[in-house]
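As structure tokens, here come the structures.
Shared chain: chain A. Partners: chain B in the first complex, chain C in the second.
Up next, the complex of A and B:
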């Protein structure tokens, strides 16, 4: 007769270890009820005293209020965002967005990479607009090094970023609908996106993280497969967009949920720093392509589109209008594309003179910019990126109080944040 | 002897109906998978069986193989009971569905009252599930389901009262007999049908009124903490309820087992039953198709708009409809 060896519950070991670490760090022990972790009331509460006034305000519950923790694993937080909602019944009283779950230290990685390899690191930031992510550092590094991309390279750049904008805005329509429970538009959006990324993979070799831009040009010249796919796509795209739009734009339920919802005034949008389609939907005619022209945009004909509403519906309509405008721009670019080389002469390892450069582009989510400082070495001394989704997200806690939980998702989707860019 | 016969008949009917819920759920789920796939320009399930026919069957058996997890702080008794309450509400309401002449499990004189009493029980199950799960999403979902289903039961029932007043009976078989003589009820009660259809979608939590699950807001509502066969029962109940609501709509408004043209007089007995079954299932699955179509098309209504619609639009409309019907019956001696 041998005694049964006692099996230790690994969970207990973990809890004991956690308690030991917490005591060592001077934190209060985790509250337990009935031998388990903290109960209903305290889920979502940070287990430390509030650090700021704002934190005290959010995490102090009045009678009848409760905290609902949405994310980081939640179907409609656009990646790994966490929202702590303070609700009274279904009505949202306050929102505390908690960021950083997708932080990969991209800025620091870029500071340790050579100027050429930076392009590979910025791709997965805002993963729905990889081309724009590469465009801004490419312009900034060209300014630093003092090299000019050839004309054809500039045209190809403009072409691929506009294509990127098309599929990004197309997906936004789908995600907005998905967050309101409409399943179909996202599928149509992805069909459109697939056609575009197939096209971009024909020119760059990759479907999602293109790694296409180079300092002083682009990696490959446009080839026959690219243009053939572009032609096929162009012949049907307006019809596809119309099909996608018909299911939403005039839908009574969709309009009832979006018109007048989450109104951001132009003044507030400017003071928050919101940019791009979200700003223009609030009636402010600011487009980096017009205000601070870069690449070949001065040569192209287009207007800055604005809406007056500033609500979710305006932001949606703004996206569709810009999508059609992008197709118009693509037509012009293809029409005027010159012949010639696509890459300027640059050495393998670029060592710019000490200095600093700033470049901003209009990404599908707004003003995306790069500020790079060179100390004369082979890698940037400082590499700073301004991501528009991060700024747009600040508007959500401002807009939501007084609305319902369901509207939180709709308003968030209307700002079209991409957490890869927010957390960098 | 009579009692024994009655008990035997009862046992046979209930067993058959309980067994019938399983293929019904499979067929409706399969239909939803395939139809939505076609509408979203994709293939849908196409691996298991010819044209992926057995995908939903595999889904069903998959539930049996999954781990049955219960949150530590859940209320064990009610957590276990909730799926059964929802499932039994759906299965029990099947008792009075008039499938075909001679194929009604319980053909009694207050069939319509029984049906609306029993189908309303599922709200208790959902509320209990939401409360017992010890999860805030579940709680919100459970409360939403209580608010939504209780509100929509009123226009739902009122829209049927018009039918009952016109038909002069609470028995499904007699109501179908009335429709055979006077034409389908949809011709007499079109507004009643509209109210019934909207309210029945809300009653069984279908898109665009699927506030209870609301996957983009509440993760899965009251079902969030459920897994394995417990979730399977909720899942089954939902799709069985969709079929039942379609069947009841067919029985109340579209002539039940009647063919669109006059029923052949010589088809009595077993042949008549089969012919009736054919038409009943055809019409019911057409209604199921309609619900699936809506799911592929519409976004979700917001919770306050949903309640506003029940109380401000559907309820007054249903009352006016009922008053007009009652007045017409009195005046024209229908």
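Up next, the complex of A and C:
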């Protein structure tokens, strides 16, 4: 659907210009071969020898190249993360992401918590999709313990995760434009988020770290305030999204900057482990909700949406399409929601039989999965979480060489990483 | 809702992982083309490590779980970054947290902890700060020795005339 414009590689332009100036000045042409190991002092760290082949490669500078830190406190890195950029003028040659500034050891914390209290630890991981973070462990623990949540609980779960997806994708539109200098869409994004978050706080009692899922059900039944807020929000939400879309989707400047930028092919995306909307924007129809249906998704009617471009614009369009799809899913869920209990009979301290369980859900950022091992005790023997934005980050060093520094932010925002999830 | 039969499990020796995963990925009848997860499990002192891969294929209704044994005395296993480039971050995390060395990975350095860190925090024999009370250094700080704390309040002292 997107046109394929001819993209000029800024690196070639830069080199041609430099060669022209050097010839004019009577200098010898620039030497490309070799390069020298620069060490870590240039990025403000104590010097040490490189630990790996790849590290030596990044920190070896040819003539005219330099290393620049972006972060860890850079406003556009979506949290605390440092990108070491190897640049030549304004052009990025290589990128080395440095993670761990937000590492809290959540897996280890969860291995020392009971199955019920794990739900409180996973919330602040990917803080824009807390409901999804809780969904996967809930399913994994139910598999371990051998209990099924009641039908109404499953419907409420599906409802709140879709609401969560709506506000997460809505914010992504805002952050993407914010990173490219457009301030307005983020405000509309936050208006939408606030309405959804008020709704979720009516049902769960909290605004951000919901702690709503339980093993074998959910904490509270949906109440009148929740449904009345849902109705008000539903009547106006498509209008807010349209407003955002009018600002961005048809915007000449936005299109000019995003179409054809940061193109990730489907083959590369699979190899890199990119998942979710980012993978589908590259034309690969992989959605966990369809691939390995969980919760009530087999009963709902929806298609896996894909784009063909694989560029920043496709990833943006993909988010909007999924946002609208989520709203239709919410309609279906509310229409079909049965009555009944919302919590199965489960003791306060759960001791599942020894075994292992794997559960994956489709979070707004992709495949979020939990692998839990029980040894019969009250806490998980091993609790492993696969966060989609952590794995998707690997695409950035792959895509950026040849782009301008300013475009790094736009490409990164298009992958919508959340550092709370990346660093666990 | 979930079903019991949604995962198929295969157990192999660590050094067979590349051969098996190549077949799983490239055989047209299997075509497990997506690496969903790669995680390490420690079964404690005197036991072994396990590197666990979860794979997805559209031809099969179940996740495929490949459990590869790794010796705890010599924790080495071949890398699978030649099959899936994205396995790199998984392997760096496993190295960082468990100390498993992936032969052939050209970027095997710590990813969360700082480069000069020397321990492997997710091993079962790693001592948490909460457990430090059982260590030989327990009680070095008098503030951490409750038996030395004077908890009488000023009002109580006034009442019995000792102040």
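The rule is simple: the second predicted complex is superposed on the first by the 379 of 424 C-alpha atoms of A that agree within 3 Å, B and C clash if a C-alpha of one lies under 4 Å from a C-alpha of the other, contacts with A are read in each partner's own complex, and residues count from 1 in each chain.
Keep in mind that, in the parts below, a residue touches a chain if its C-beta (ideal position, glycine included) is under 8 Å from a C-beta of that chain, and two chains touch if they have at least 3 such contacts.
Computed from a prediction, not measured in an experiment: that's the story for all the values here.
Asks: Which of the two partners, first being chain B and second being chain C, lies in contact with A:187: first, second, both, or neither?
Replies: The first partner, chain B, only.
Asks: Name the contact category of A:107: first (chain B only), second (chain C only), both, or neither.
Replies: second
Asks: Could you let me know whether more residues of chain A are touched by chain B or by chain C?
Replies: It is C that touches the greater number of chain A residues.
Asks: Tell me the contact category for A:149 with respect to chain B and chain C: first, second, both or neither.
Replies: A:149: touches chain C, not chain B.
Asks: With both complexes overlaid on chain A, does A:159 touch chain B (first), chain C (second), both or neither?
Replies: A:159: touches no partner chain.
Asks: Of the two partner chains, chain B (first) and chain C (second), which one does A:292 touch, if any: first, second, both, or neither?
Replies: Touch partner of A:292: chain C, not chain B.
Asks: If you stack the two complexes on chain A, which partner ends up touching A:256: first (chain B), second (chain C), both, or neither?
Replies: Only chain B; A:256 stays clear of chain C.
Asks: Identify the residues of chain A that lie in both the chain B contact region and the chain C contact region.
Replies: Of chain A, no residue contacts chain B in one complex and chain C in the other.
Asks: Residue numbers of chain A touching chain B in their complex, please.
Replies: Against chain B, chain A makes touches at 33-34, 36, 39-40, 43, 66, 68-69, 74-76, 90, 177-184, 187-188, 191, 247-248, 251, 253-254, 256-257, 404-409.
Asks: State the interface residues of chain B toward chain A in the complex, per the touch definition above.
Replies: For this pair, the touching residues of chain B are 36, 39-42, 72-73, 134, 136-137, 140, 144, 207-208, 210, 214-219, 295-305.
Asks: Applying the document's contact rule, which stretches of chain C touch chain A when the two form their complex?
Replies: 1-2, 4, 6-7, 33-37, 39, 41-42, 52, 54, 56, 58, 61, 63, 65, 84-90, 97, 106-116, 121-122, 128, 130
Asks: Give every residue of chain A touching chain C within the complex, in rising order.
Replies: 48, 51-55, 99-100, 103, 105, 107-108, 112, 139, 142-143, 148-149, 154, 268, 270-274, 286, 291-292, 294-296, 357-360, 367, 369, 371, 373, 382, 384, 386, 390-391, 393-394, 398, 423-424
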